[in-house]
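For reference, chains read A, B and C in written order, and residue numbers begin at 1 within each chain.
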Amino acid sequence: MVRYTVRRIFITIPILLVMSVLTFMGARAVASPEAALRFNPRVRPEDIARYREQLGLDDSEFVQYTRWLGKFITGDLGNSLVARRPVGEMLAEALRNTMVLAIVALTVSLLIGVLIGIIAAVRQNSWFDYTTTGLSLLGIATPVFLVGLMLQLVLGVYLQRWLNTSEPIFYTAGMTSPGTQGFDLMDRLRHIALPATALAVQLIAVYSRYMRASLLEVLNSDYIRTARSKGISERRVLTKHGVRTALIPLTTQAAIDIGLLVGGLIITEVIFAWPGMGTLFLQALFDGDYVVILPWLMITAAAVFIANLIADLLYAVLDPRIRYA
Amino acid sequence: MPDRRNDPLENRILLPAEISDTAGVPPEGYLEAEGLSAEVLTNRQLAWRRFRRHKAAMASLVIFGIIVILTLLAPVVAPFGFEEQFITRALEPPSRDFWFGTDRLGRDVLTRVLYGGRVSILVGIGVALASALIGTVIGAIAGFFGGRIDTILMRFTDAMLALPALVFLIVVGRILGSSVFIIVLVLTLVFWMPLARIVRGQFLSLKEKEFVEAARALGAKSGRIIFRHILPNTVGPITVTVTLLVAGAILSEATLSFLGFGIQLPTPSWGNMIADSRGQLTTSPWMLWFPGLALIITVICVNFLGDGLRDALDPTQRKSS
Amino acid sequence: MSVEIIDFSVERKRPPRGSTILEVRDLHTQFDTEQGIVHAVAGVSFELKAGETLAIVGESGCGKTVTALSILGLLPHRQGRIAGGQILFHGEDLVPMTTKQLNTVRGDRIAMIFQDALTALNPVYRVGSQIAEMIRAHRDVTKQEAYERAVELLDLVGIPNAPRRAQDFVHQFSGGMRQRAMIAMAIALEPEILIADEPTTALDVTVQAQILDVVQEIGERMDMSIILITHDLGVVARIADRVMVMYAGRHIEAADTHDIYHAAKHPYTWGLLESMPRVDAETGKQLHQIGGAPPSLIDPPRGCRFAPRCAYVQPICETDYPEPQVVDGSSVVCHFAARPDWTADLDPTELRASLTREGGS
């Protein structure tokens, strides 16, 4: 398996290189480096020329690309054109914030989704099964931006109005209240509740369907019948032989999802003004800050590859039938 | 996040529990297998009968039909023009004059929901059909010819599937622009992959079947085998997948438009109407509710339709519930 | 197979050989399907005596596996159910028992071997620990002890290098070895009854014989009664003491193995025997096949279920279901079983002629 992992990583390197070329072209196409200067009416053409020279924008595309790649590999990401901060620092902060939101939402969704899936499968065709099936269809059909806005409206605005409190129970924007000192858990929770719920609505819908299908497949298998024939308790049949086996595909799916969420929270972050990767990306896009966009695209792409690799390895660990040579 | 939810590959399909020892029950399709039934017509009737048994799908067919007719006839049925403004009556709640209320610029929300639906549904169907074309061609080539062609095409398909779809859409959309045509084109770029994989799988198994070998033995050319012998047998799975793609495409268009990378105002689409509601969310929530509901109902209907079509056209992949 | 059996079975008085330990009375089992209710087992009765090997024979779909699953209450949840009858184990009815009560019987006193060990064993647990799990469910032993016992059992059923193989997963075993592992699990607690559902169907012919030997030898050594479910009359001849033939959810004939082969009393059994390839058959003679197909179990025929395919069919067969009758020690479900001329050599036209004669006189 070690050999397999090493091989997978080696295969990934050329793919990431190709991606970097595409990324470079894409980032340059969408983001004009002069955009940062456009806002200032007093900028003269000479300034722009000096600026272009500073950034090396007059060199050939190829020279610019290799120069950028060299710096990228050595970890020198440069400074943001607009925010004037080291890009590495900005990305690290955004990534951390995104991961907090993603992991909270994913953990909650997994717990609830798995539980719903188990009950729905065990009580197949019961009212619980039908209700949760209907709700998850609703959840799957409702895009995350709609869920987000409805949550802001109902749990943010209306709830405050009904309870007649001076400040909202759940905040509809940001990660912390302005001016909070240090780490205030309650304040954090009141900020993360709505964005995490917006994400969780979909994830729970998907995971509960997935778990239900997976567990039903297992429960209908021959080895569950064998387990029952052994005289072990129904509870043990369900947990040890049923759920444990049915969780394998779900676990790997969740691993893949973490990779996707690195760059995939754009909408949630926009709606709830969450200072993560998505917000950073859109801001950089509007600013034409290609210095930020380039490593951003590389990181999100790499996250997908890494997560997929982890998912595959996890599968091999959890399911003895899978062997990679 | 990319719409894995509407990726037909992820709609896990379970066969009903095999009950051993229950022979004497003629399996579905048994009559045809015995050569006892009449021709294609009967198959179609059987499919229709199976579809009708799916109550949610039947209801969805009716509702979706009404939505499509109303939105296509928007210029006729809508009470106003979609750019017509009643400045003095801006942000009015639903009333006898404006059933769904008015927006910030005093435009009738009902009118805009109808016109917006027209754009959303046309984009959805357009993307699904274009994806069907591309996906079928790529899948058919890969599955029929196999070997290196297959490997290259499928590697490419997998790579496209691994792409963070929304980021891709934003970047490409920003390069190419945001007319309706471009949006259909860009969405198609991220929606053809599931179809290619399904069609490839169908071709891989069908090309080994006796009737294809017989055709080959009789000297049929590749083109004839593909179009006359294999393709007609893949219509079922393709139809099901394309239907589900419509739902996915409608959602993606709404998402793009919401972020401002899709359909541009003043042309309404459900996505940009919802985005437009953000500023007045607390005071004029009807600007959110009505386009939002229209979007949810449409997507649910299309999903149920796909589900019913799967029961009808692809009975080997029946779901367990 | 020379290891001493360390006795893990609780000291249990075995009933004397020949006494009845299991009696199935008028069992009815149904399944819900989209097409309607399938009456998979419709009134089966039989007895199992201590120490004997009873074979249940019939073509696929005749209800033999469902009968076996009914005994241990292993029907698929929701779809399958016992609709009537009694299953008396030492005189105690298993049918109304709760799962918890049944669990004291399952595995410990009645154990089961399934057809395809690859799907019947859990793919994600090691073979040894799956056997140990069953021991732990019924005996107060440590994990370690149970596992060691599992290794012994694997050795006992003839798996070479058992300590190492116990750590393997089922997909790493060959077909015959898998079935041996399955047997090792079933016999772990020396059950009184071993139900083997087509234990050799999925195997090569040479391996089949070995597996049957293992079942038979261990059955004798542990003094178990065996219910062997099979469609293979060759297997039956090899190890069964008694045979019950089933057709379309009902038993139609039950007799000693010898009698089944030499003095069968039911036209269906005759057909089965004639369709069996024999070494001593005349060369060039075609194998017999029974025409037609088994009846629908959703809407079964009113009279004798075999009537539509029976060469000897008479009007009464299509209207009345025959009651079981005992003829020369065999229990036969056929209207004509008691006739003196009732053998496989009887010509159907002769039957008709003599019936007319009797009716006329």
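One rule holds for everything that comes next: a contact is a pair of C-beta atoms (placed from the backbone, for glycine too) under 8 Å apart; a residue touches a chain by one contact, two chains touch by 3 or more.
Note that the structure is predicted; figures quoted are calculated from it, not measured.
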By C-alpha centres, the chain nearest the middle of everything shown is B
Farthest CA centroid from chain C: chain A
Here the gap between chain A and chain C, centre to centre from mean Cα coordinates and rounded to Å, is 55
Rounded to the nearest Å, the gap separating the Cα centres of chain B and chain C is 51
When centres are defined as mean Cα positions, the distance from chain A to chain B in whole Å is 25
Contacts with two or more other chains occur in chain A at residues 124-125, 220
Touching two or more other chains in chain C are residues 76
Among all residues of chain B, those touching at least two other chains are 17
Within their complex, chain A touches chain B through residues 15, 26-27, 29-30, 124-125, 129, 133, 137-138, 140-146, 149-150, 152-153, 157, 202, 205-206, 209-210, 213-214, 216-217, 220, 257, 260-261, 263-267, 270, 281-282, 285, 297, 300-301, 304-305, 308
So, in the complex, the side of chain A touching chain C is made of residues 124-125, 219-223, 225-234, 236, 241, 244-245, 248, 318-321
Residue positions on chain C within touch of chain A in the complex are 69, 72, 74, 76-78, 99-100, 102-108, 111-112, 114, 116, 119-124, 133-134, 137-138, 169, 171, 185
In the complex, the residues of chain B that touch chain A are 1-2, 4-6, 10, 12, 14, 17-18, 159, 162, 164, 166-167, 170-172, 174-175, 247, 251, 254-255, 258-259, 274-275, 277-278, 281-282, 285, 288, 292, 295-296, 299-300, 303-304, 320-321
